[in-house]
Amino acid sequence: MMTGQHGSQPIQHQFNPYSDNGGTLLGIAGEDFAILASDTRQSVDYSINTRLSHKIKAISPSLTAEFKAQNPKMIGTKNSILFGTNGFSADGDALTRQFEENWKWYVHDQNKSAMSMQSAARNVQHLLYGKRFFPYYVHTIICGLDEEGKGCLYSFDPVGSYEREQCRVGGAGASLIMPFLDNQVNFKNQYIPGTNSTERRKVDYLSLDECLKLVKDAFTSVTERHITVGDGLEIFIIDKNGVRCEYHDLKKD
Amino acid sequence: MSQQDPSTINGGIVVAMTGKDCVAIACDLRLGSQSLGVANNFEKIYQYGKVFIGFTGLATDALTLSSDLKYKHNLYKLKENRGIQPEVFANLISSTLYEKRFGPYFSTPVVAGLNEKTGEPYVAGFDCIGCIDAARDFIVAGTASDQLFGMCEALYEPNLEPEDLFETISQALLNAADRDAISGWGAAVYMITKDKVTKTYLKTRQD
Amino acid sequence: MDLLLGIKTENEVILATSKNFARGISIMNHKDKKYINISDNIVMGISGESGDTTQFAEYIKANIQLYENRYSSIPTISLKEQETETTTSRSKDHLNTLSTKNVANFVRQELAKSLRSRKPYQVNVIIAGGEGSLYMIDYLGTMVEQPYVVQGYAAFYALSLLDHHYRVNLTEEDGLELVKKCIKEINLRVPAAIGDVDIVILSPDQVGKELLLTEKELRA
């Protein structure tokens, strides 16, 4: 005999294979560099699992002793791909590892030193769409340099739709930061003073310092208003010298 | 189809900010019915004496609430023979909304004004049952409130002069609206200082 | 499908309502009237749940008449034996007649009240006033004043046409042509038949003209 509000109705239990681990991922492509940044908090509901998780991986050819000696702070070569995922972190990790495996076999089989950004992007699409009916619950952004050495960014939805863009935010803070980037990177709604809003401000590449400022501003702002974003900020920068990583503290409340 | 969230049927946003001896309040002009745009002249900000209120949410409730408050404001003037202060109006709105605690108006108002005695700028927001949020910096409301939070948090700084506050609130509104499919279609900005109120219509995307 | 469409021209306001009365998959008759004369120069087009439409329209009309009767000026000359009330002169532009804005706000208020009642009226209306105003009010009580309005699914087809072709200084003929253009598009794209269409043309100083646009004319 069953009692309580459910009456004689049997209670159904269902396994939920997904969870939301919060966090935000942000990428900006510059003229000869690209940035991929994310916060380092990982949470479920209102609990924080860790204050130092890594959502971005620099996938790089192995570093020679010479390179290491010359660039002690660099963690990858200019041929690296910055691979970032945000959403359900287990899926993000799985996707990152799968891509890294593909990347390694690709450079090995083809006897190449690297994978081009456009090939990497297509491969990520196949990985994502391959699980079209049990998707990886992630927003993916990859950054690197294209074949001309220009900053390059591709962003993906969970099932593999992708696009090359100048900038993109993914994850919990996307709705807060994206309009800010429209405004500050692509100069949306900005007009030349004195033209009575007839002449748009010309879109131009931002310098690395300007981009880093925007990234820090964006993350301190979203940390202020979003509960799943905070603790730390990891910024990966790729340019002709290689890949380096900066860490900054964010509020831990 | 029939079960929908009343606060997102019509779309629209309001934002208010404080500056140095000034406040600004701004709204978009769209009125929609789900995906269909119905009007591009639907102003969401109303003036009551020297107090300005923006109403977002379900349009019918915004209209009802705005005329109910007009009635109450008139009675206040009649009884007290003086203008109403923004702090007082905020409490009036709060109690008006709470009266409908168990069948609420699906509207979230935003108040902006200068206190006539102290000259202090005042902004306040509410949830749909009347909880007051009297922030010292800015208040956002509507279907693009997330986007507005991001814009305001990044662009805002305290004690801006009217010209700079105007630019800040305009950019916050415009860029937030552009990332929301059911907000935009024009915008209006009110800049309120001690001896002058200016209303400006902004040029916006029309999609 | 019900059609409810209104356009403001330079000196007129045009209201178009379809005559087909449909229930489920059938058209029950071809002579439905989806508008009501609220007062001499104010017309309300109405669509929605069939019982509610007539009930609501008559309720509004009766209340507006009641108000005007109550508060209209008292005749200076007492009624003579033969005189009926209608022959007593009463100034049309007297303060106590209700303006279109007054009527629209009353209708809006009634719909907003009804929305939170046990059984809300499920009606959408257009209110047209001869002095040159045009209001659209939906069953929720959402009200807007616009130069042209369309209710229901027809809006998806007609509004984009009106956005493109509408001008503020249209003549009566231009306005009618535009109405026809919209109905033609609806006939072309919408599966359900519209049938004949009632047209009401209101202008500031004369009594409203009513005419009929037949399906034949519309197809021509």
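Lettered A, B and C in written order, each chain numbered from 1.
In the analysis below, a contact is a pair of C-beta atoms (placed from the backbone, for glycine too) under 8 Å apart; a residue touches a chain by one contact, two chains touch by 3 or more.
Note that the structure is a prediction, hence the values are computed from the model and not measured.
J.: Where the contacts of subunit B and subunit C overlap, which chains show up?
T.: Touches both subunit B and subunit C: nothing.
J.: Where the centre of all protein Cα atoms falls, which chain's Cα centre is nearest to that point?
T.: Taking the mean of all protein C-alpha atoms as reference, the closest chain is B.
J.: If we define chain centres by averaging CA atoms, which chain lands farthest from subunit A? Would you check?
T.: Following the centroid criterion, the farthest chain would be C.
J.: Just the number, please: Cα centre separation of subunit B and subunit C in whole Å.
T.: 33
J.: Express in whole angstrom the distance between the two chain centres, defined as the mean CA positions of subunit A and subunit C.
T.: Each chain reduced to its C-alpha mean, subunit A and subunit C end up 55 Å apart.
J.: Centroid of subunit A to centroid of subunit B, CA atoms only: how many Å?
T.: Chain centroid spacing, subunit A to subunit B, equals 35 Å.
J.: What are the residue numbers in subunit B that touch two or more other chains?
T.: Not one residue of subunit B touches more than one other chain, so the list is empty.
J.: With touch defined as at the start, can you tell me which subunit A residues reach subunit B in the complex?
T.: 173, 175-180, 182-183, 188-190, 197, 217-218, 221-222, 224-225
J.: If we count contacts the way the header does, which residues on subunit B are in touch with subunit C in the complex?
T.: 9-10, 31, 33, 36, 38-39, 41-42, 58-61, 63-64, 103
J.: Going by the contact rule set out above, which residues of subunit C touch subunit B in the complex?
T.: 108-109, 111-112, 115-116, 136, 138, 140-144, 146, 155-156, 159
J.: Name, in rising order, each residue of subunit B that touches subunit A in their complex.
T.: Of all residues in subunit B, those touching subunit A are 146-147, 149-151, 153-155, 171, 174-176, 178-179, 203.
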